[in-house]
Amino acid sequence: MKRDVLERILWSLSVDRFSKEKYREDPQKFLGRFPLDEEGARMILEFDVKAMQEEGVNPMLTLGYWIEMSPDRRVSSYNRKLGSDSAHSASIKG
Amino acid sequence: MKRDVLERILWSLSVDRFSKEKYREDPQKFLGRFPLDEEGARMILEFDVKAMQEEGVNPMLTLGYWIEMSPDRRVSSYNRKLGSDSAHSASIKG
Amino acid sequence: MAEITGGFLVPHDPVMFVAPDAPEADKAKKVWDAYETCAQRLADSAASSVIIIGNDHYMLFGTTCLPKYCIATGHVEGPLDQLPGLKKEQVSNHEALAQHIAQQGSDSGFDWAVARSFTTDHAFSIPYKLIVRRAEEISGRSITAIPVYLASAVDPFITKARARQLGEQIRAAVESFDSDEQLFVIGSGGISHWVGVKETGKVNEAFDHQVIDLCCNADIDGLAAYTDEQVLENGGNGAMEIRNFICAMAAANASRGELIEYQPVPEWVTGLGFIELKKG
Amino acid sequence: MAEITGGFLVPHDPVMFVAPDAPEADKAKKVWDAYETCAQRLADSAASSVIIIGNDHYMLFGTTCLPKYCIATGHVEGPLDQLPGLKKEQVSNHEALAQHIAQQGSDSGFDWAVARSFTTDHAFSIPYKLIVRRAEEISGRSITAIPVYLASAVDPFITKARARQLGEQIRAAVESFDSDEQLFVIGSGGISHWVGVKETGKVNEAFDHQVIDLCCNADIDGLAAYTDEQVLENGGNGAMEIRNFICAMAAANASRGELIEYQPVPEWVTGLGFIELKKG
């Protein structure tokens, strides 16, 4: 269930422009409309893509979310956040 | 094909808030991104729900579009536009 | 094994919520009371979960992907189309069973589209609120609910024959689920109503009684024998929802139905029929 | 009857467009040239339409409805995820045939989700641009393209066995289509790549060669024999796209495949394989 809700939020924030706007205006308020516990909200707010993947979230979504919404947006940073030592990085979903 | 595109536009304008905003800002520009002929665009712009239904568009969409986007929004007016003499009217999709 | 021990066929008419006072009071009361009767019978049963078989109204699924049938296997909330007295709420789904139905379907040729996080429309939420939630109140026990959506209002429609097979698959999946739970199934929709078309407000009592008789005789063949043209002509585009009845009847494997109430209500643009599905 | 007379298995690697100069020039050229070879062979054929079998990347379909397989039967545009050199354009679909495939599926137990108006992603649009559109340029004739999307990257996945059956159904539908058209089919995806996970950039040449050998031997059984765990372990989450290969191979009913090119390109995070499906 946690995974499902995380995926819904990431998917909305990857593809739905209205959701993106609302999230940027007030992330806490946006997340408040989903049944998400504190730890889940933290994962989203802190772009903790590693923790989300450990929760079972599809990597296509964590990557898409990072590229769309994170302050940094670089895939090299995404890979570091995941603990990857990859020199190469898909800059978008393969 | 015309029906398909009309349905996509009506569906977007019924449920997608970003599309609604964009349409309200500039209907012509919004419609311009779809492969729609002049007559199709006229149907949308003039809320010609009767013509759209004759084109095969699902009545749930013409009704939803009317209620969401038309200046009037009343189902009684929708029925008149359809040529209905019904005294009764589903105020939303049944 | 789990088991479907009963069920209902009921309408999901949003106009009841929007214009509760439009029909004469006595008629309206009979309809609301019929939901209450269903709730009471569900409360009196041992069912701990309900599968509600409804259909989208071209709101939940769009032109970029129209599924023939979809099941919510995870988080559920709704309805998207909120009404006075029917506000959006979180729904307690039976996730394990829903996932089992999808998986067992996949293993046996039923390629369920799956909603991992779903927002319902009124087709689920009206019977959910008036029957399932109310039965929880009456009985004091928790009852989960699984949303199933068929392509009954948006073409390409699921065929009536396939709706029946799908109901049989749901039953087989329930019976292969490792638990001793009892379930109810609700077919949500109908009977005659014309939606968004110029005939709106028409109710065809003769057609409604035909459908009711077929349901009460558990005559799925009879229901499936209607061509879509016949249904559209006699019951309106809203009556295409008899697919939901067929699926629910096949899932319940009922031997008969008992008419709880029928009211033709032009003010609510629908012939409203309530049937309990009885086993044995 | 219409007929599928040939086809290709090719990758759909967006990084080629984003970072064309990342690999050494010779390697990169071999990959772009492989697409050109496919385009030339399509141009040289008599095919007037191509079915492209790809998969969503959790972008087109969301958590509220994840179809096992979906076909675009009407208006098509794309890609949604535009890239440098891959801008959104209108696609000329073969609507009549696409609708026939969906209908024939419905009649034979394949419940296609249908996209009446569809936006593709790069899984369709890369082979569409580099092969179909290019073959139109070379040959001067029009070639339509039908998007088919399988659940190969988002779970619940279509099983490999079902992907094969679906390919067989596509073939049967094409052969029951009343026209003398020739078609090609393209399986779009693979081979080894790790997407969005910490192994990104890894390429497993040994696995890629195994897959290539199976494809060249038209050994669908061999491909279907991989467990998902084996694919994930050896080919990464991107290699789950071998489902698209299986479906295309079953649709083409090829007796063998001919390797056009293989390049392991860590800079493009993928082992890129190009195979022509040959009949007879």
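Each chain gets a letter, A, B, C and D, in the order it is written, and its residues are counted from 1.
In this text, a residue touches a chain if its C-beta (ideal position, glycine included) is under 8 Å from a C-beta of that chain, and two chains touch if they have at least 3 such contacts.
The chain lineup, named per UniProt: A, B = Protocatechuate 4,5-dioxygenase, alpha chain; C, D = Protocatechuate 4,5-dioxygenase, beta chain.
Being a predicted model, the structure only gives us computed values, none of them experimental.
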B-C compared against B-D, more contacting pairs: B-C
Gap in Å, rounded to a whole number, between the CA centres of subunit D and subunit B: 36
Distance from subunit C to subunit B - Cα centre to Cα centre, in angstrom: 28
Subunit C and subunit D: spacing of chain centres that average the CA atoms, whole Å: 38
Sites on subunit C at which at least two other chains make contact: 63-64, 74, 116-117
Contacts with two or more other chains, residues of subunit A listed in rising order: 4, 7-8
Pairwise touch network: line, ring, star, complete, or other: complete
Footprint of subunit B on subunit D - complex, ascending: 74-75, 77, 90, 95, 116-117
In the complex with subunit A, residue positions of subunit D that touch it: 12-15, 18-19, 22, 57-59, 62-64, 80-81, 83, 122, 153-155, 193, 195-202, 237-238, 266-270
Complex contacts: residues of subunit B adjacent to subunit D: 1, 3-5, 7-8, 35
Complex contacts: residues of subunit C adjacent to subunit D: 60-61, 63-70, 74, 102-103, 106, 109-119, 156, 158-159, 162
In the complex with subunit D, residue positions of subunit A that touch it: 4, 7-8, 11-12, 14-15, 53, 58-64, 78-79, 82-84, 86-94
